[in-house]
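Pasting a structure here, questions to come.
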Amino acid sequence: MSAATLQSPAARPGTSPLVTALFRAVRGLATLLAVLAAVEGLVVVLNVKPWYVPRPTLVLNAILATPEPYVQGFLRTLTETLMGFTSGAIFGVGIAIVFFRARVLRELIFPVFVVSQTIPVIAFGALVVLWFGNTLIAKAAISFYLTFFPVTVNALLGLESVDPRQEALMRSFGASRFQLLTRLQLPAALPQIFVALRLASALSLVGAIVGEWFGDTVGLGVLLLQGMYNENVVAIWAAIAMCALLGTGFYAVVAAAERALVFWGAEQ
Amino acid sequence: MSAPKSSRALQRGALGMVLLVVAWEGVARGFNLPAYTLPSVSAILGSIFDHRSTLFLAGAYTFAEALSGYVIGALIGIGLAVVITLIPMTRNAIVPVATSINSVPVVAWSPLILLWFGIGMPSKVVMVALAVSFTVFLSALAGLDRVDRRSVDLMRSFGAGRLAILFRLRLPTALPLIAAGLRVSTVRAVIVAIVTEMLGAYDGLGWVIYQAVLQVDFVKVWSAIFIASAASLAFFGLVGLAERRLVFWK
Amino acid sequence: MTTVLSHAPMGAHYTKKKEAGLPASTHRPGEAVLAADAAGASDAAQILSLSGITKTFGATRALDGFTATIEKGEFVTVVGPSGCGKSTLFNIVAGLEEPDPGCAMRFEGKSVIAADLLGRVSFMPQRDLLLPWRTVIDNAILALEVEGTPRKQARALAEKMLPEFGLAGFGQQYPHQLSGGMRQRVALMRTFLFKRDLMLLDEPFGALDALTRTMMQRWLLDVWQKHQRTILFITHDVDEALFLGDRVLVMSARPGKVKLTQKVDLPRPRPAEIVISPEFIRLKRTLLEAIEEEAMKSFTAEGK
Amino acid sequence: ADPVPATLRLKWLPQAQFAGFYVAVAKGYYKAEGIDLTINPGGPNILAENLVATGADTFGLSGGLDSVFAARDKGLPVVCVGISHQMTPFVFVARADGPIKTLQDFKGKKVTTWFTGANHVLKAMLTKNGIDPALVDIQPQQVSVTPFVDGQVDVITATRYNEYYTIKTRMGEEKLRTFVAEDSGITFPRDTLIVSETTAKEKPELVKAFLRASIKGWKDAFSDPKGAVDTIMKAAPTLDRAHQEFQLAEAAKLMTAGTVKQNGLFWIDMDAVKITQQLFLDAKVISKPVDLDATFNRSFLEAIPVADRRP
Amino acid sequence: MTTVLSHAPMGAHYTKKKEAGLPASTHRPGEAVLAADAAGASDAAQILSLSGITKTFGATRALDGFTATIEKGEFVTVVGPSGCGKSTLFNIVAGLEEPDPGCAMRFEGKSVIAADLLGRVSFMPQRDLLLPWRTVIDNAILALEVEGTPRKQARALAEKMLPEFGLAGFGQQYPHQLSGGMRQRVALMRTFLFKRDLMLLDEPFGALDALTRTMMQRWLLDVWQKHQRTILFITHDVDEALFLGDRVLVMSARPGKVKLTQKVDLPRPRPAEIVISPEFIRLKRTLLEAIEEEAMKSFTAEGK
């Protein structure tokens, strides 16, 4: 196998995707364990104060001591993240299509989108609660707000970088604008869209967590906040570990979906 | 893009903003909303004028943080992606670590970052760099990966090493995606700087917002956000302009 | 079809322009026009008529007053030096690009602009432009899908045609798994499945070996005769142009126009041996001379 | 009759600082008063004043007199119906073995504090003791106490129930020297109970019932701290139990300070209120004196027999 | 150079395998091997020797025991049915892909694996692969840049060559502004500027009109003779294969191996008229027969 094949993101035919996925998972787990063991060793050997970096086993113990809030929080935050991610991705791609099609709308509205992204949500905790209450929707809305923008930018980029000759060919078949979109432009933009989705997987989680800071009772965000302001370093790291688990897991799922859907890589 | 086209885009963008402002003013006045729900634009503009020197100084401070963090973050992001391209072995270490770090909201890192880098400018720069580098890293990595294998093969047949392939083929191919990542990051940079300032600082727009929130002075909060938005918009536009120069063959 | 065989330099069969019977605006001095056109033959017989087609890209003029008329059911081959504007011409006739203002086009008797032709001619571009995310079969049925044929039905249709294109067993492969010639055959198949009266083929057999090419040629002639299609066919192979065409248009060097219209009066069906018949060789020599002159020009000419 | 739905917005996440309310819910005291109460936690930048003023929440346990004054100054229609912490809930902490023995020693030293009211208290303390605050290097305080523990900061601000506990467990109480606002004659009551003007006017019975049940809950919490902490730990299981027990004990001290012995829990001590208002006027946090009668309403408390209110 | 003209079916000039003098492992029954190789000619004269090259893609076997030896300074043309593995072979010789295990390759007398050949042969792929962000000139000097030639110097060099490739005045254009044939010529130029003893050209003239093609052929022969380069040249045009080559390798249908090695004993320089000489036509017939047989196979064969 050439070096280029090794680097290519597209799964080569021949190895079963399940085997590859399993292999990746095992390798990832092994790496993780190695890193944790190294941290544990370093903390013990260098005698690092627990409020700088606590020992990983201590963090693990904290989670195992009261597993329910962590499990519940994980599931709750996952739900919010998925809601925000899905709505953000759909809206992001949808609005990119609209902007792609209607230049005037794009020039009119795009700056407003940019501006919308400069509003620090956490300055408006009260407003968020006021508008959405203490509901899942509130978290999903913040998650959505953080997610859609990169998706729009990248989807637009993808749609615009379709080979004009391929587009011409489709038009010569008499393809309608809708057909052009579904048969050519969207598939061609898929690689770029997925770049944004990978980013969005992390951002939507961040959104959900920040959303939970506005008066929620369950969720990883709540645990994180509690740990932070009580300066309970072990609790902070426990929450951080759960967030990281959720985030990398979600990222891995998105990346796997990308490998399955964008199998052709950069081949023309 | 030709000059008249981009100036038309500018006009339309301005028109869009004007429409937004008019709608906002209409809603705020029409429903007689209290300032703590939504202050009117005129009130905000008035407040900006009243506090102009404070706000502009704070804005400059925040923007300086955002810009330095942005530059550092962009370099780190591109650098990491390049490292992975040159040494493929590192991919399986760097990507999971980067995603783990970014699955935790920036604000959650802030206590640690503030602890390590102090309450001044460096901590904000680090936070911005953290947020920007991830966005740019993902884009750059995808771009560098997304080259036509046959073009790589051709370069290899010329005896090109990884470095030559990187500079002559991969980076130009990745440029559009990197540029998009850089564009998205402009806004993130400003907002992360502000949010970090809200958590611990004694200067900048975030600090202004934090104090204003506690004093229930929402007009002032919005004033600060207006300044931040204007700066972000300009930042976004400039990077977009540079992008169009760079990715000329599209 | 009437033929005008007036004498011209180098023994070429030029069709001399006749001013009478045609509006002055559509004609320019020095252009060769088709006899049928000049004689004012009924519109009904003409599927496509182009007059004074000019196309400029920035500082490069690709076409300059290209004038020709294609009759229904005709097989017209186009040859010309590389870069003379053949692909540009096809792009215009396929409806993808508008010519410069002031050009006149008629399609099936009606005056049209290029955009009107979208979806009305089947066009095979010079590059195969296969979609990397579609299998061979799915690339082949692209045009059918656009037309609204149910996917299943279209697939069955295409599946049956694979052996004819030497692609049996490759239906489920992706483009990057194919050889250059195979890709071209998939593109060809896609074009054939899009059934329109007028077909534009831009060097469809460019990447094929001699035999595969011969087989595809035979097959193409078959389709053409059985289904009464009209074919415009770009090739750089003079033998192929003569073997296939009712008429060969030789284009001048960039900016392209019709330099010579050569009627090919060889009987059909044409056996493979026809290439060594004296009549064929005579025609070939005429064409080669005309092309050589233009190619020399184009080769030594500066850009722009 | 069906219980009336109502919500209480806290200033922060569930912890022993709010134990009484949780106990009252758990023991059904609100139900008994005909209120179906939901406790909504707070969070960073969630202003209870804002939510109560707009009617999103019925009751609020807001930041303190600071935020009540600011809200009234900006025209938010909120009314304070009770004050939880009767004395300044934070202290200024220095090292016992360090160079800072008195307030005078603050000069030229690095002092961190929150710029949310505590800074005004600090300045007032300094001024009262004849020290120009400009001579002290006052800096905003971050979330962590580590800079103080590590010696990068000379004096740190700490709430008695949170940061002080953290510092104490890391360094040992004997290593610490504290400076208390009350020693300089300054009181900064915090954790105020607020309702909107509309509620105050239209549903006085609801407010009274709420106060009654809350006081009952708090009295239970004081008499059975173990049980109260259990209740809190149920709401937030990841908390550190030892810390919560300490916190409840400190909260009890803060809530029962001052005139509470005579006037009962949540009493609004107008003298302390006036001192605080002056503090804010001096610091220009509020532009003009607020209408104290409209802002502070003791009538709801006074409707409950004082014997029931006493701890 | 020795030639073995043993009799073979259909009058083809097969070079029969001789077991003697070669290690058994590198040979398989039924393979045609080059005479020089079989005779154990000194390694010094051989630039490339391939034995038993096999390459499998998943379930598709593209090459199966391809064996041949190329001598220094030889011009060898390769013909074969579409999809028979020609491009795959070139990819291997260019060092881009390793053949399946168990294949032996020698380059300039040394045993090598494919990767060793990177940077040592100049390779022109079937698709032009021009970089869209580089002008014609900059695309042409890509290989020189990789080699470390200062850009300015490389550009000057390329600029001078533009007219030879019929690209005068197009130096500052971008690939999307070029016609199909022009792109191919840029790719060709890029290959020529990368000066290596062995050149691999995969259908370099596929998209060129007859005359441009003739001119490029002449030019190529010129370069070859003047600079003593060795050329491996894929074409699907038998005339071209015979006109250019010292030797023609006919490949079998997929999986590809050498079906026939045809020495072309025509004198050089070869005039254009040589194509109608009896000797040429005889050779052509031999080749066509061999190809036809293979093409028929490949056309009717199922995939895999």
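Observations on the structure shown:
The first chain written gets the first letter, and so on, giving A, B, C, D and E; residue counts start at 1 in each chain.
Going forward, a residue touches a chain if its C-beta (ideal position, glycine included) is under 8 Å from a C-beta of that chain, and two chains touch if they have at least 3 such contacts.
Chain by chain, the UniProt names read as follows: B = ABC transporter permease.
Small disclaimer: the values here were computed from a predicted structure and weren't measured.
Touch-path distance (fewest steps) from subunit B to subunit C is 2. Among the remaining chains, those touching subunit A and also subunit E are B, C.
No other two chains have as many C-beta pairs in contact as A-B.
The chain with its C-alpha centre at the largest distance from the centre of subunit E is D. Here the CA centre of subunit A is 51 Å from the CA centre of subunit C. With centres taken as mean Cα positions, subunit B sits 17 Å from subunit A. Centroids of subunit B and subunit D (each the mean of its C-alpha atoms) stand 38 Å apart. Contacts with at least two other chains are made by residues 36-37, 111, 115, 148, 150, 153, 156, 198, 210, 213 of subunit B.
Taken residue by residue, subunit A touches two or more other chains at 2, 52, 122-123, 126-127, 130, 228, 231, 267-268, whereas all remaining positions touch fewer.
Touching two or more other chains at once are residues 127 of subunit C. By the touch criterion stated above, subunit C contacts subunit A in their complex at residues 91, 94-97, 118-123, 125, 127, 129, 131-133, 142-143, 145-147, 174-176, 194. Residues 9, 12-15, 40-47, 50-51, 54, 56, 143-146, 149, 162-163, 166, 170, 235-240, 243 of subunit D are the ones that touch subunit A when the two sit in their complex. Against subunit C, the residues of subunit A that register as touching in their complex are 163, 165-166, 168-176, 179, 183-184, 187-188, 190, 262-264, 267-268. Residues 8-9, 12-17, 19-20, 36-37, 85, 88, 92-93, 96, 99-108, 111, 115, 134-135, 138-139, 142-143, 145-150, 152-153, 156, 162, 173, 176-177, 180-181, 183-184, 187-188, 190-191, 194-195, 198, 206, 209-210, 213, 221, 225, 228-229, 232-233, 236, 250 of subunit B are the ones touching subunit A in the complex.
Only residues 148, 150-151, 153-160, 164, 168-169, 172, 175, 248-249 of subunit B touch subunit E when the two sit together in their complex.
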